[in-house]
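Let me begin by handing over the structure; questions about it come next.
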Amino acid sequence: MTTTATAPTQTTHSTRRWLLPLSVILVVLFCLAPVLWQLLTSVKTNPDISAIPTVYLPREFTLDHYRELFVRRPFLNYMFNSLLVALLSTILALGLGAPAAYALARLRLQGQRIILAGILIVTLFPPILLFLGLLNVVQALNLGNNYLALILPYAAINLPLTILVMRSFFQQLPKDLEDSAKVDGYSTVGLLLHIVLPLTLPALATTGILTFISAWNEFIFALTFITEESMKTVPVAASQIGGASIFEIPYGPIAAATVVGTLPLVALVLLFQRQIIKGLTSGAVKG
Amino acid sequence: MTSIESKPTHSATATRSTLELRGLNKTFSPTVIPVKNLDLSVDRGEFLTLLGPSGCGKSTVLRMIAGLEQPTRGQVLLEGKDVTRLGPGDRNMSMVFQSYALYPHMTVAENIASGLKLRKVPRHEIEERIQEVGNFLGLQPLLNRRPSQLSGGQRQRVAVARALVRRPSVFLLDEPLSNLDALLRENVRAELKQLFEHQQAPVVYVTHDQTEAMTLSTKVAILSEGHLQQLDTPHRIYTHPANRFVAGFVGSPQMNFLMLPCEGQTAILGHSRIPLPRAVPPSTRRIVLGIRPEHVQVAQGDRATVSGEIFLVENLGMHNLVSVRVPDIEGQPTLRLLLTPDRHPTGQQLHLTFPPQDMHWFDAETGDALRD
Amino acid sequence: MTSIESKPTHSATATRSTLELRGLNKTFSPTVIPVKNLDLSVDRGEFLTLLGPSGCGKSTVLRMIAGLEQPTRGQVLLEGKDVTRLGPGDRNMSMVFQSYALYPHMTVAENIASGLKLRKVPRHEIEERIQEVGNFLGLQPLLNRRPSQLSGGQRQRVAVARALVRRPSVFLLDEPLSNLDALLRENVRAELKQLFEHQQAPVVYVTHDQTEAMTLSTKVAILSEGHLQQLDTPHRIYTHPANRFVAGFVGSPQMNFLMLPCEGQTAILGHSRIPLPRAVPPSTRRIVLGIRPEHVQVAQGDRATVSGEIFLVENLGMHNLVSVRVPDIEGQPTLRLLLTPDRHPTGQQLHLTFPPQDMHWFDAETGDALRD
Amino acid sequence: MTQATNTDVIVQRDRRIGWLLLLPALLLLIAVFAFPIGRAFWQSFYTQNLGTELQPQFSGLENYGRMMQDGRFWQTLGNTTVFTVVSVLLEFVLGLAIALVLNQAFRGRNIVRTIAILPWALPTALIALAWAWIFNDQYGVVNDLLRRVGLIDQGINWLGNPNLAMMAVIIADVWKTTPFISILLLAGLQSIPDDLYEAHRIDGATPWQSFQRITLPLLMPQIVIALVFRFAQSFGIFDLIAVMTGGGPGGATETVSLYIYATVMRYLDFGYGAALVVVTFLLLVLAVAIAAFFLNRSRAKTSAAP
Amino acid sequence: LTCFLVLLPVFSQQPVEIRFLMLAPETPLFAPLIEEFERENPDIRIRMVEGPNATNLVEDLYTSALLLGSSPYDLINLDVVWTAKFAAAGWLMDLSDRATPQELAQHLETSIEAGRYQDKLYRIPWRTDAGVLFYRKDLLQEAGLQQPQTFTDLLEVSKTLQQKTGVDWGYLWQGRQYEGVAAMFVEVLSGFGGYWINPETLEVGLDQPEAINAVNFLRGTVRQGVSPGGVTTYQEEEVRRLFQSGGAAFMRNWPYAIPLLNSEESAVRNKVGIRPMLSMPGGQPGSCLGGWGWGILSSTPHPEEAWRVLQYFTSERVQRINALKGYLPSLRSLYEDPEILAEFPHYAEMAQVFEKTVLRPSIAQYAQASDILQRYLSAVFSGRMAPEDAMQTAASETRSLLGRLSSAQEARG
C-alpha cells in the first residue's frame, strides 16, 4: 500500500500539479533563505559584509573566515567533543525515555497521571535557571570538566519530550501486535527492542534529531561546566571567536562557524530522518 | 486413520486433561460480560472448537488461555498446574490472531521464524521448518515479502504458519482460515487435521465455518452470551443439540422451527398428530419442533404431513435451497428444504413429510431439548 | 421475488453496462502482476462476484475500480465515462475493505455516519439510516463503542454498515462476511440480497464463500493468476465450468478428477467404456474426467462403474464425506463422495457409478472443457 | 463455582516491569531537576542579595510582596505572554503546513526535509546575531530588500521601535522553531495508516475534509505535545532576545527569563530571583493545567481521541 | 572542598598555580607575558583560561564560579563597573594594605578611584579607557567650521555639515538598551551639569532638570535628523562602521576605534580627530571612564603569589608592551613616553581626555541601577515615554533600589 500512486482527481488535477511544487519551494525558501544568507556571509570579505548598499553575492570570494576557525583553533576537536556529548546524551535520552514511555503508555502503572504531570511540569521550569542549581550538583559530585556534566543534564532536559512523544506513538500501535509477540515468547524488553521500537522509528528518529540538535547547540551548561580547552564544544568555541576588539562582532567568522557547526548536523539529520517513513505498521493487523 | 466421529483419537491414552478452564469469567464493564463462568477441558490430543455468534466471547476465551487477558474470576490449568498467573511467554502456547497481528517490519520468513529464534532453535532447523510450513501453506514464493505486500489470504496464511511452526504445549487458532478460498481451505484443513493428529498438544480452535468445526474437532463447545450451551462431539452437536439455540446455530442452512400446539402427548402438525417424546410434561400447551432442511422430504404419494407452495429457490451449487410457505400450520410459517437443482420451479405445490427420527423437540419457554 | 438462477433480475431492463473494465492490468513488480488484461462489465442491477484463489488479484481489482490503485494499463468506465483518472471521492462508490479500515477515533455510529456527513445528508436522515443499518447488522448495542472495543465480527459488520448506509453508484465489497458466524451470515446474506435487489447500482463482491457467491450473484467471475477464467451465471459456472481450474475451484468438496486413457471416442474407466463428447479430437490419448462428489452414486445391483474401499470418513454435519481408493483405475486414485451419515464405516467396500449427465470432460493438456 | 475475583496478575506483572522501565528515567529527572526546583522554592522565602552580603536571611513572603509592586516584572510577564501566544500560534500554523507538505511524496523529499530542519539546527546565539544583522536599519537585508522593491526609502528602525522590535524577535523565533513543530507533526502524520484515508476518500471526502476528520484528530496527541513544549520553551525564551535586542528598546521585548536572569546573575538578588522563578513557574503550570482541563473537556465532548 | 584541602599539601612542593579567566580576544596578548613571568618565577605557574568573547558572559562565568564559594580562579580581570558588586559580595581581597600610595599615585587618578569601594581598594588597573568624541577634520575644514564646544554647537555644526558637505548624518552615539548607553549618558549628564547617583549620599539626580535636558538633547539629535533613528539600537560597532564608511561627521566612541578608523580599509583614514566630550554652560565636560584592572579573589589559597602576578601584570613594563599594541595604559608616565607616542600620536590627546573623566556610580547594585537607567533611556529614545515621565520613574525606581540597599545594610547593622 505504500506504493499507492494516487490518481489525482480531474477537477483538482491542475491545482495539485502546481500546488505541491509551489509549496515545496515556499518551504525551502522560508527555511533556507536566512541560512543561505549566513553561508554567503561566511565567504564574503569584511568590507562586503558591512557594505551599503547590501552586497548579495560576494564580490570577492574568501575562505579566510573558515581558515580562522581551523588554523587558529582546533575546531575539529570541538566538533568531536560536541559529537560525543550530543551522541551520548541522545542515546541516553532515547535509552531511558523509550522504556519509560512504554511503561506509561501500556503498562498501566498506578499514579501514572501524576507521573506524567510531573514529567510535564519539570519542562515548564525556566531552563535558564536550572543551571545555577545544577552547578551546585556538578560541584558536589566533582563533575566539572567531565563530559558527564553535560551528558546527564542534556539527556534529562530532553527526556520529557522523548517520553511524551514516544508514549503518544506507542499508544497508536495496534495492541494485537504486542500480544502476538508476547505469545511468541518475547519478554517485555525484547518486545520493546524487536517489535515496538522498530515500528515507532519515526518517533524515535524525531526525538533523536531533536535531542541531538539541542545537545549539540546547548551553550550555558557547556560554557559553565567545561573550562578545559580541549573539551569545549562548538557553541562555546564559537562564542570565543573574537573580532579586532571586544566591541566587534565578527560576523564573517561567526557565519563560518555556523556553517561548519551545522554541517555534521545536516549529515546526521539526513541519516536519522530517513527513518521517518510512512506505513510502518501497514499490513500488520486487520480491523 | 479413522473416522473421528465415533471416538476422540487420542483422549483414551491421555490420563488427565491437559488444558482446563475453571469457572472462567471476564467482565469488561458491568454491561459487557463476554464470558460467564466457563468450565471446559481439552485433553491431550483433543481438538476443541469454539463456536458461537459474533461477539459471544470466543476470542476473549482464547486470549485468557494465552494469558493476554486476565480472567476476572476463575482459573486456567495446564497439565493440572494453575497457570492463571503466568505470563503469556511462559505458557508456551502459540496463537493465530483473528486480526493476524503480523510483524509489519519483518519479512514473511522472519515473521515465521521469530518464535523459533527466541527459543534458540538451531539455524538450520529453523530454515527447514520454515520451508516445510511454507510449502504446506503455499507461502514459498512470498517468503521475502513484507506483510504490507500480501493479499488478505496470504497474510492469514502467514499468521497460521507462524503458529504452526512452533511446537507449543497448546495451539490457539482464532478463525485461521476465514480469508482463504474454498479450495485452499479444504487443502489446509486436511493438512491441519493430519498435523494435529500427529501431535499431542491440545488445540483450541475458533471458526465460523461449520465444515471446519465438524471435520477437525474432537469436541465442539457452543457459546452464547457468555455461557456454554453444549460441549460434545461434533456429531452429537449436530444430531443431538442440547437446546434450540444450538440446534439453530449449528447447521447451514438453519434448522426449521415450528411452534406447534400440543394435546396430551401429541403435537398437532397440519393434519397429523405426532407423538411427543416422553420427557415432555403432559401439561405442555405448545412445543417447538425442529427439522433440518436436508431432512424435510418431498412426500411420495399421500403420506404428506404438510404441503405448501414454493416461493423462493436459492441455488447453493450442489443443492437448491427451497423455501415453502406452509398454510397448514398456524401463523403460516416458512419451511426451507434442500432439493437437487432444477427440479422445482417457484410456484410449484409441494407435499412434505418429516422423518420421525430427524425431528427435534424443544421446550417452548426454555428452549431445552426434549428427548426420550 | 424470483429465483435468480434462471436470469439476472435486472439486466434485461438496463440498456448499457454501468461499470466496465477494459484491458485492466496491474503490475506491482516484474514478477508480481496480479491483474493481467482484465475485461469485465457489470450492468445496472447486476451483482458480480469475484472468485479466485488467495492472492489472485481480487482485492487489487476492487481497489482499481475504487480508484485507490492506478491501473498500470487499461481503463475503468462508469456509465460509459472513463473514470480511470478520477479520484476515489469523485467516483461515488462505497467499499468494504478486507482490512475493515475503520476510523479508530470515531465511535461505531460516527464511522457509519462519516460518508453521509461528508455528503451533507440531513442529520435526522443520518440518524434514521444508522438505526436501520444498525438493526439489520445487529450493531444496535455497539453504536457508542470504539472499534478497539469490538470483536472481529463486530468490526467487520461496522465496515459493512459503513458501505451499505450510503447510496453509491457502485458497491464494492471485499469479503464482507468472512468473520461472521454461519447463522448471522445467512441472515445478512438474505438481507443483502433483498437490499441489492431493490436498487440499481452494480455490485462487485469478493468472497470465498461459494454459497454466498451462488446465492447473491447474477454473475460470477473466476480469476486465476491474473486472468479471467470464466464469467457466467453462478449456475452455469457450477454446471458448465469452462475449464479444469474452474471446475476444481468451484464446489466444495472439490470435484474428483480422474485421468483416463482414451480409445477412439471412448474413455476407459475400470471395466466400462464411456463415450466421449464429440468435441474431443479422435487422436486424444488421455483425457480428464471430472465428477463432483455429490454426483457419485452408490451403485444398486451390478451397475457399478468402479469399486473401492472406504479409507476415510469425514463428518460434514449434513453429509459424510467418504474417500474411496479405487484400485480399478490406473494409479489407484482417490474418489470422494457424499453420503448420508452413519451408513458407511471405514473399510467397507463400495460400488460406485457416475451418471453420464454429471460427467465433465477436460483436455489433459490445456484443461479446457470438452462438450458436445 | 463461586470464586473471588482474581487479582489481576497481568496488570501486576505489567506494573512491576513498568516501574523497572520507568525508574531510570525518573531518577535522572529527579537528579537533574529536583534540586534546582527545590532550591528555588526554598530561596524564595529568604532575602539573599548584596545587601545581606549574599547570606540568606529568612524574610517570609517579603519577596512576593515586593513582586506585587514590581512593574518591571508585570511588564516582562506581559511581553512574554504576547511573544509566546503570537509566536506559538504562528509556528503551529506554519509548522503544520510544512509538515503536510513534507508528508507528500515528491522527488528530493529527503533533502527538503533536511532543509526544513535546518533553522532548528542552527545555534540560537549565532543565528540571533545574524537576525539582528538582517534587521539592522542600515546594513540589514530586510531594509535593503524593501528599499529595492520600492516600499520604503528610509531604512526602518526595526529593533528601535517597540512594536517592530517585538515583531522582529517573533519573526526570528518563528523561523527558528517552526521546524520543531513540523518535524514532530511529520512523524505523527507518517504513522496514520493509509487505508483510513483510502476509506475516507471513498466515502467522498475532499483532502480538506480528510484533514479535518482524520488527520487532525489522529494527530492530536502530537499537536498537544508540540504545543505544550513550544509554550514552555517560548515562555522561557532567553538567548534569542538577549542577543537580538537585549530586552530593549525600553524593555519592550524584555521577557521574564531575561529579567530573572539579570536579577540572579547580575544583581545577585537570589531571594527575589527565586521568587520570580517560583511565580512564573506556577503561572505556567496553572496555564497548562487550565489548557489541559479544557482540552479534556472538549475531548470528552467530541470524543475525538483514539 | 575537603578533597581540595587534602590535596593541598601534596602539591605544595610543586609550583603554585595561579588561575584566571580571560576574554578570548585578549588571551594572545597575555600569553607571551605569562611565559616571561613563569621564566622568571619558577615557583609560580599561571593558567589562563580562555573565556568567551563577551564581557557579560565572562562576568557571569566568574559570578557562577564564585557563587559556589570555592572558586577555581585566583585572579580576576575586572571591568570598572564590576568592582563594587564583586567587592560588596565579598569576593575580592582588600588590596589597600598591599599597594603603596606611591605606586598608586603613578596611575591616573580616576582609574584608581574606580577600583575603590567603600574606601577600600580592590582593583589595580592595567589599562584604561574613556569615551571620546570623534570628528571629521576634513569636513570641518571643507565647511570652514570650528570644533563644537557645547552640545548645542554640536547640533548646529552637524546640521551645517549635513547641508554643506552632503554627509548623511551628523552625530552618532550608542543608544541601544545595554550598558553602553549608561556610559554614554553619564558623559552627557556631566556635560549638562547633572548627576546620576552620588555614591556617598546615595542621592539620585535623574529627575533633575539637568538630567531631563540631557535626555532631551539626545532625543533631539534623532528628531532633528542629526542622528539616524537607528542609533537607538546601536552599540559601539554599528556606530563605528557607519562612521568609518564616511556616513557621519561626529561620533561618540571608545579609543579602540582610532586604529581601525585609520586602517587601510577605512574611508576616513587620517581624516579623524578626537577630543574630550562636550559640555553645556554650568556642566563639566566628562568622558566616561572605562578600563580593566586586576583584583585578587578572596577565596584564593595563594594570595601572595597572586599578588606577585598582579603586580607584574600592572607593572610599567607590561603596560608599555600592551600600550604598544594599542591598549591605553593606566600609568601616567606612559602617555609621555616618546616610543609610544611615536607609534600612537593620539595618546597625547588621550591624556587630555583622561583629565576630564567621570565615573559611573560605584555602588554595589550598580548593575541594577544601570538597568533602570538603560530601560528608561531606551523608552524615551524609542518614543515609548516622555522624557520627564521616564526620568521621574527611573529616579524613583533607583531611589527605592537604594533604599532597599541601605535598609538591608542597616538591618545587618
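First chain written, first letter: the chains are A, B, C, D and E, and each begins at residue 1.
We take it that contacts are C-beta pairs under 8 Å (C-beta built on N, C-alpha and C of every residue); 3 or more make two chains touch, one makes a residue touch a chain.
Worth saying up front: this structure is predicted, and the values here are computed from it rather than measured.
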#### Entry: Partner chains that subunit C and subunit D have in common
A, B
### Message
A-D versus A-E: which interface comes out with more C-beta contact pairs?
### Response
A-D
### Query
If you average the CA atoms of subunit A and of subunit E, how far apart do the two points sit, in angstrom?
40
### Message
Need the CA-centroid distance for the pair subunit A / subunit C, whole Å please.
### Response
55
#### Entry: Intercentroid distance (Cα basis), subunit E paired with subunit B, Å
94
### Task
Give the residues of subunit B that touch two or more other chains, as numbers and ranges in rising order.
67-68, 87, 98-99, 149-150, 152
### Sites on subunit D at which at least two other chains make contact
11, 138-139, 193, 195, 198, 218, 265, 306
### Summary
For subunit A, residue numbers touching 2 or more other chains are 1-2, 4, 12, 50, 52, 131-132, 136, 239, 249, 279-282, 285-287
## Note on the structure
Touching pairs of chains in this structure are A-B, A-C, A-D, A-E, B-C, B-D, C-D, D-E
#### Entry: In the complex, subunit D residues that touch subunit E
47, 49-54, 57, 72, 136-139, 155, 157-162, 165, 245-252, 254, 262, 265-269
### Query
What does subunit C use to touch subunit D in their complex?
66-68, 87-89, 92-95, 97, 99, 101-105, 107, 114-115, 118-119, 146, 148, 162, 166
### Query
Once bound in the complex, which stretches of subunit C touch subunit B?
1-5, 28, 32, 34, 51-55, 57-60, 98-99, 138, 149-154, 157, 174-175, 178-186, 208-211, 214-215, 234-235, 238-239, 248-254, 292, 294, 311-318, 321, 341, 345-346
### Task
Using the touch definition up top, name the residues of subunit D that touch subunit A in the complex.
11, 14-15, 17-19, 21-22, 24-26, 28-29, 31-33, 35-37, 39-40, 94, 97-98, 101-104, 106, 110, 112-127, 129-131, 133-134, 138-141, 144, 147, 175, 178-180, 183-184, 186-188, 190-191, 193-195, 198, 207, 218, 221-222, 225, 228-229, 232, 235-236, 238-239, 256-257, 260-261, 264-265, 273, 277, 280-281, 284-285, 288, 306
### Query
Okay, in this complex, where on subunit A does subunit D touch?
1-2, 4, 12, 20-21, 23-24, 27-28, 30-32, 34-35, 37-38, 41, 50-54, 92, 96-97, 99-100, 102-104, 106-110, 115, 119-134, 136-137, 152-153, 155-157, 159-161, 163-165, 168-169, 171-172, 188, 192, 200, 202-203, 205-206, 209-210, 213, 216-217, 219, 234-235, 238-239, 249, 251, 254-255, 257-258, 261-262, 265-266, 269-270, 273-274, 276-282
